[in-house]
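See structure below.
By written order: A, B, C, D, E, F, G and H. Residues from 1 in each chain.
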Amino acid sequence: MTSNDGGEGTSPYMSIFEGFRNELDQHHDRRERCIKASRDITAASKKIIFALQRVRTLGSVIPENISRTTQPYYDTIYSSFAAVAPDLQGLNAHRYARNITGGLQEYMEAISFQYYLEKQEIITREAAEAQLNQGMQVEARIAIGVEDYILGLYDMTGELMRFAITNMATVGGVPQARHDGDGAEISNTRTVLSDLRELSFRLETLDSGSDFHFARDASKKLVVTKQSVDKVERAVYGLLIRGSERPKGWMPDLSDAPREEIEGF
Amino acid sequence: ASLEKQFEDFHVQLEESGSLRDRIRAVVMEIESTTRLMNATLLLVHQSRPTPELLEKPKAQIGVLKELYNRLAVVLRECPGQYYRYHGDWRSETQTVVSLLAFMHWLETGILLMHSEAEDKLGLNNSEFCLDVEDYLIGICFMSNELPRYVVNQVTAGDYDCPRKVLKFITDLHAAFRMLNLRNDFLRKKFDGMKYDLKRVEEIHYDVKIRGLTAQGDSIGEQEIQGQS
Amino acid sequence: MTSNDGGEGTSPYMSIFEGFRNELDQHHDRRERCIKASRDITAASKKIIFALQRVRTLGSVIPENISRTTQPYYDTIYSSFAAVAPDLQGLNAHRYARNITGGLQEYMEAISFQYYLEKQEIITREAAEAQLNQGMQVEARIAIGVEDYILGLYDMTGELMRFAITNMATVGGVPQARHDGDGAEISNTRTVLSDLRELSFRLETLDSGSDFHFARDASKKLVVTKQSVDKVERAVYGLLIRGSERPKGWMPDLSDAPREEIEGF
Amino acid sequence: ASLEKQFEDFHVQLEESGSLRDRIRAVVMEIESTTRLMNATLLLVHQSRPTPELLEKPKAQIGVLKELYNRLAVVLRECPGQYYRYHGDWRSETQTVVSLLAFMHWLETGILLMHSEAEDKLGLNNSEFCLDVEDYLIGICFMSNELPRYVVNQVTAGDYDCPRKVLKFITDLHAAFRMLNLRNDFLRKKFDGMKYDLKRVEEIHYDVKIRGLTAQGDSIGEQEIQGQS
Amino acid sequence: ASLEKQFEDFHVQLEESGSLRDRIRAVVMEIESTTRLMNATLLLVHQSRPTPELLEKPKAQIGVLKELYNRLAVVLRECPGQYYRYHGDWRSETQTVVSLLAFMHWLETGILLMHSEAEDKLGLNNSEFCLDVEDYLIGICFMSNELPRYVVNQVTAGDYDCPRKVLKFITDLHAAFRMLNLRNDFLRKKFDGMKYDLKRVEEIHYDVKIRGLTAQGDSIGEQEIQGQS
Amino acid sequence: ASLEKQFEDFHVQLEESGSLRDRIRAVVMEIESTTRLMNATLLLVHQSRPTPELLEKPKAQIGVLKELYNRLAVVLRECPGQYYRYHGDWRSETQTVVSLLAFMHWLETGILLMHSEAEDKLGLNNSEFCLDVEDYLIGICFMSNELPRYVVNQVTAGDYDCPRKVLKFITDLHAAFRMLNLRNDFLRKKFDGMKYDLKRVEEIHYDVKIRGLTAQGDSIGEQEIQGQS
Amino acid sequence: ASLEKQFEDFHVQLEESGSLRDRIRAVVMEIESTTRLMNATLLLVHQSRPTPELLEKPKAQIGVLKELYNRLAVVLRECPGQYYRYHGDWRSETQTVVSLLAFMHWLETGILLMHSEAEDKLGLNNSEFCLDVEDYLIGICFMSNELPRYVVNQVTAGDYDCPRKVLKFITDLHAAFRMLNLRNDFLRKKFDGMKYDLKRVEEIHYDVKIRGLTAQGDSIGEQEIQGQS
Amino acid sequence: ASLEKQFEDFHVQLEESGSLRDRIRAVVMEIESTTRLMNATLLLVHQSRPTPELLEKPKAQIGVLKELYNRLAVVLRECPGQYYRYHGDWRSETQTVVSLLAFMHWLETGILLMHSEAEDKLGLNNSEFCLDVEDYLIGICFMSNELPRYVVNQVTAGDYDCPRKVLKFITDLHAAFRMLNLRNDFLRKKFDGMKYDLKRVEEIHYDVKIRGLTAQGDSIGEQEIQGQS
């Protein structure tokens, strides 16, 4: 048997491949950092969402006891984003998009849910991105892609459903804002159900385009969103048909706390 | 209404990205069909056609490829910074391109086509549209997979010096690849396969060596083995 | 419709559940820390293994240029383990076992491979555990369970296969140690193949017992280990039948580097 | 040889852990069959049997459960610190146990069975063998799932005050659960279901309320609705 | 030669067992199509057609089924002791048969079709070809799944006494099943589903009760239920 | 040479069939985008928009669809007898088309869109390009899946008569489907799903009936349903 | 009524298409069993039985196949234009038929069985029932998969000229396939596999060549190969 | 009452069948652990340990297996006619048993262990408890899977005659299996795998033959194989 001349130590390509090694190592490290940041952001966002589910009214600023709970999670989120922001600049923004998207979506879910609770409005992509970049307090910026935004909104519809059902069970009506941003009373024809229908309608009729991964994720999440709408529609239906049985002239027992009229939705 | 406006914007953006993708795919299909052509000619090396003539046709196609990559770059210039967004659409074809270029280069010069040389040949030397290192490395692995077959057929055709040359090349290449830290991904899998290419070439080298076919000229070697067995 | 008395703020269970919240949060945080440490350890171990695959002889200490490469990865590993060691004490050792086992297995794979390269022996579980706890340099100890140890060894057989095939391709013989620990020449009848067969035999004949997860993982990895043995056996077979064609009295071309006799295995 | 020795040790250890597991499973099967018995009796509350008598039999079984958990603890004392190694073998049964104890406790007292009370009843108050908090919480969710059915059947049997009591209880319980931060795991799923229990009980409460059935005594209510529709 | 001889024997055996299976399948397909017919008529109970007339047609089919099971038995008599070898080929259809017979029986008599009665109807009372107990039980579960829908439609059609009767029946049935110690198999899963049927019927009973729609006085109805088990 | 000649012919044939497929796909994509538009408008029925105005837009699109199917037919006329070769390329979209047309038709007229009517609307009434019966049937099943949600939302919007009408429609449809002897394929699976739609509508009908919300008195409504089929 | 009428029509149509399918399947099962027989004999070439005698039996079966395909054609004549509707039912068997016919043809003549020749042998030369080109090509790929094994066994039996002949054949075949622009489908996958057959035959050719086992002088053999394409 | 009585009977029957199953499983676990032991020793043939000594230990275990199968038979005697009801509980282990016995038998005698011989060894020769033919055949396939590895390692150890012997054996075995008309089941899949074993052994035979490593001259060895079947 034979051999090359004593071997590999002398390979002329060694030094070039050392360059490749460094490049690949950096690439893998950046990727790993994004994955870990994404996990941290996801966990913190979930905790924010849980705290927000304790809110009981729509259309007013988040109560202080709840925002005190969420603040440290927001801090975690923004510092995690800030830590990987340098890894997401230039071409790298899209290079590691798939590794950070989980965190971005969950963040979108959290802040769009909070925004909705406060204003009964859907936050825009631009506003969400601005909030993120303001929160990070670093020079480098992170973009929230249309895909991240939409997939986050999909998940948010599930939280809207939970909020709506829980509210109907505990308060007895379909949630809707009663006051404008300044606390003045307003007349409002929109409810969580009509907003949820509107949002689901927008999501369902959006052609998800040519990105295979996005289209697949969106179509999976659409199924869940449709189920959420269905759950709320059924709950409202239940409220209504039970309400229909109320005898004429029936008044709530005044020993109980005052509550919404169910016709209000 | 604001929601409606937003989603209309999204629709436009997704449409645009879709049409961009369509244009990318159109170019990529041309790249694919060009490499198919080049490959068809290159495969003749396994039938031991004289190399220089044989390389003429595929070398002429390199210009075509360069032009096509230029068209890709032009498309991508419309969406700066989104190279990696669409990267998946041309990765696999580009890996094939690299493997062909590297094989041709090796047939001509006996040495490895460098990453920067590959970029030059394809006109990919600006910062916005580069040749991804992993694609380059995977392409090189593909080329390595072709070498054992090449050696077998060269020896069959009487070129007994070929195994030694290829063995040296693939040994060097393998040693260089061993420098890398790979994840459990496609590149790792291709590299894992390279050791079998190395082993096979070593075996063929051994086959010709023990029969004393390396030192002498081809024709003599031929006659000698006929008397053997 | 009716309502409870103004609601939830007054639930008598609130304060108790705050205790549960803290407990669950801590639990999830510990779990998350273990998962992240496991990822870091896995990545560093893989890099060590890659470096070790550059070793070309069996039975001598790892060359300095390679051990220089692996040292920082070992540092990462030990500091990662040290960071989660407090989370893995007492009952918690088994509580998060499934979250840290990935890293532990990959660590076992790395150090057992290194140990084998240096001594042509399989490191014991006790020695591996001692090495880990010595490396961590903290008070708290981490156990390497029998399951972690065995699953790590399974993976190590794959590296042995790579090492053996690459060696046969570049050096031309089945690797075996030629020197004892002190550098003295020894006569050795064991080769990587016989060791690999022995190890695979032990793994295959071990009854994996009643732990469903372990039995499933082990049986999956056994398939790969059998394939590795098969690959090396075929390679040795190839060496042998080609060696059989060597004409009587044939001598290696002296212009080539000296090399092992293939009969040596 | 050293390898052989090692693997012989492993064999012994795995055998031991296997036999431990067999013993655990034997106890767990007895727990399971005890809970089946308790549950069979408890189900009669849905047929509106008088509660105190009905609870006698299952309450007598609590001692049996305590004894069984003691046997589990004895087995585990052989392998200190390995509670969570075998935890999966009794989780699901323990959750059922908690749900039954909590349901019985609620039927008797109208309030929630505390975690520490559950531990006391089962004799799980040492540090090595405790009642895992998640198991406790899941058990409480299981109990909550039974409440709407209970209320429906109580109202059918003429107990119009029941919805109010259950509503208060489940509202408090739900509010407390909302304090928790849950992962996307089984507990989260069970908690998500609790809001439907709450909603259903609220509906029944509403049903009796609008018919004016709450204030009056049962028998009167009964007659009144007969004249309605 | 002995090798060939052996495999020739195997060939014959496999062919025989294959052709047996084909004949079994042919009969089973006829059973399937007969049950489809019966089911199509029975479904009309959900549209509140008068029961006696409606049952005429499917009752006439029972004889057809009996004949088909007889044919099955004849086929199986060729291979004594192999009932359970081919059992899987007719299980699912037989479960459907049981569910239809039991539903018809209940509609007529208000009580459960016994296992031995089902065997009689199908002529399966010899020792070699019997009605497997699990198939019978699964068939009963299938029947139970139809009951909530039946009750809903009966109430819609104005039969307000139906929920009470069905509730009594399904409560008893559920209690009887509870006596069995089921393994974690298909039957267990179907039985777990019966709980939901029971719950649904309880809810409908609640609906008619709270609205005072029940024909008789409650107290009487109540006593009847309570005196039942 | 003859070998080469043959493969040159194959090359031509494969190219032709490939380009045919490309042209088919282009039309199918337009069909798909037209149905998306129609669907977007139709979804608004769940928000209880007045039906006649709402139907205007999607009805206007039917002409577009007809034109598109005509273009498909023109393409297929090039390869007579190969309808079913390419059928898979437009099946799924055509099923959606049928479901939309049938839903619109039902909203307007309250009765089922017939197969021949669907063909007429799409201009598919020549022998070479027809509307496959299975596609029609699957499309009808898809439409049925929309009905429960529609009924829920109509009741919420105060139309208490809707459940009765839909129940009659879907009961008849289900009975008609039952006549078919379906194989174990996609259509069978979709049809099995229709049973749940039916059950769901029955439950809603029950809900409004038991609360006396139906416009007419019970007896009248009842008679109507009973006189139906 | 019109609804019922329509579904009665559908019932008839589905039954007809179902029975057509059953008849097709019956014929296809006979084709399958005929090819099994042919294959059993053909496999003996791997044990180096003399080819001419060995081919007698399978050649006699070709008439049987022709008759069977004729029966298929008769069935299909009942539903003109629906060849591709049922095509899936006989594709796979027809591909096997082609591979056997082509292998036998190659053993006898050393050249490729043409598509039209295959059609002739099977009597498939009318316009309504033809041999689908893809099926033909896939069958040829199947045949190619058998060649490496054949060469191995021939060399073992001492026929050292066989590799050269097979190599020439498979090289030409591979080159011809390369002309086709295949989609990413089953045929593409099978063709990709042909590369491995080619490589394996090259290796065997190498083995006999380097050991000087080829009967004729190399130069002659070489020229022959080179003059081929 | 009659309902309760019936379910009490069922309870007893299910308990009996459950305990029977437990007893079967206990025996099967012992069979499994015995085969594990036998296998552990047999694996050493791949390390070229001298066969006769190596076989001593596993041969001694055959008596143990016989005893265990006797215990199984005793258990089954309690439920005549239900062999196939519980068959699934020991199938897979019995297939392993057959593969080990057949491998040992082949190592000793060079010929196939017959079905009746396997039954004799295991004491399964009465009519109520036999060795199912499919289990026997699957076991033989498992044994065949071991042969390629065995041949590779024997050649490595210098036994160049081994490939020829194994090739003859597996060729005959494969031909015998071909006679069977297998359904598309597990056995068919295992048999399809045997083709790869055969191919692999053919390749090894080729390897030693082309290198002139066979003990006897070619012509002699060849004739022997040819005269075989």
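Keep this in mind: a contact is a pair of C-beta atoms (placed from the backbone, for glycine too) under 8 Å apart; a residue touches a chain by one contact, two chains touch by 3 or more.
The chain lineup, named per UniProt: A, C = Translin.
Just so it is clear, the model here is predicted, and its values are computed rather than measured.
**Q** Using the touch definition up top, find the fewest steps from subunit C (Translin) to subunit H.
**A** When the steps are counted carefully, the minimum from subunit C (Translin) to subunit H is 1.
**Q** Determine whether subunit E and subunit F, two copies of the same sequence, contact each other through the same residue numbers or different ones, counting it as same when over half of the numbers at the interface appear on both sides.
**A** Different, since under half the interface numbering is common to both chains.
**Q** Repeat of C-H among A-F, B-C or A-D, where over half of the residue-numbered contact pairs coincide, is which pair?
**A** Equivalent contacts to C-H are found in A-F.
**Q** In whole angstrom, how far does the Cα centroid of subunit B sit from the Cα centroid of subunit G?
**A** Those two chain centres are 33 Å apart.
**Q** Between subunit A (Translin) and subunit E, what is the separation of their C-alpha centroids in Å?
**A** Between these chains, centre-to-centre, one finds 49 Å.
**Q** Measuring from the mean C-alpha position of subunit C (Translin) to the mean C-alpha position of subunit D, what distance in angstrom results?
**A** That pair's centroid distance is 43 Å.
**Q** Residue numbers in subunit E touching 2 or more other chains?
**A** 181, 211, 213
**Q** Among the residues of subunit C (Translin), which ones contact at least 2 other chains?
**A** 1-2, 4-5, 7-8, 25, 28, 47, 170, 172, 207, 245, 253
**Q** Which chains touch, pair by pair?
**A** A-B, A-C, A-D, A-F, B-C, B-G, C-D, C-H, D-E, E-F, E-H, F-G, G-H
**Q** Considering the complex alone, what residue numbers of subunit G touch subunit B?
**A** Those in contact with subunit B are residues 171, 175, 178, 181, 199, 202-203, 205-206, 209-213, 217-219, 222, 225-226, 229.
**Q** Okay, in this complex, where on subunit G does subunit H touch?
**A** 33, 36, 40, 43, 46-48, 149, 152-153, 155-158, 204, 207-208, 211, 213
**Q** Taking the complex as given, what residues does subunit H use to touch subunit E?
**A** Touch list, subunit H to subunit E: 2-4, 6-8, 10-11, 13-15, 18, 80-85, 87, 111-112, 114-115, 128, 133, 137, 172-173, 176-177, 179-183.
**Q** With touch defined as at the start, can you tell me which subunit C (Translin) residues reach subunit H in the complex?
**A** For subunit C (Translin) paired with subunit H, touching residues are 194, 197, 201, 204-205, 207, 230, 233-234, 236-237, 240-241, 244-245.
**Q** Write out the stretch or stretches of subunit C (Translin) touching subunit D in their complex.
**A** Interface residues on the subunit C (Translin) side: 1-2, 4-5, 7-9, 11-14, 16-18, 20-21, 23-25, 27-28, 90-95, 97, 121-122, 124-125, 146, 150, 198-199, 202, 206-211.
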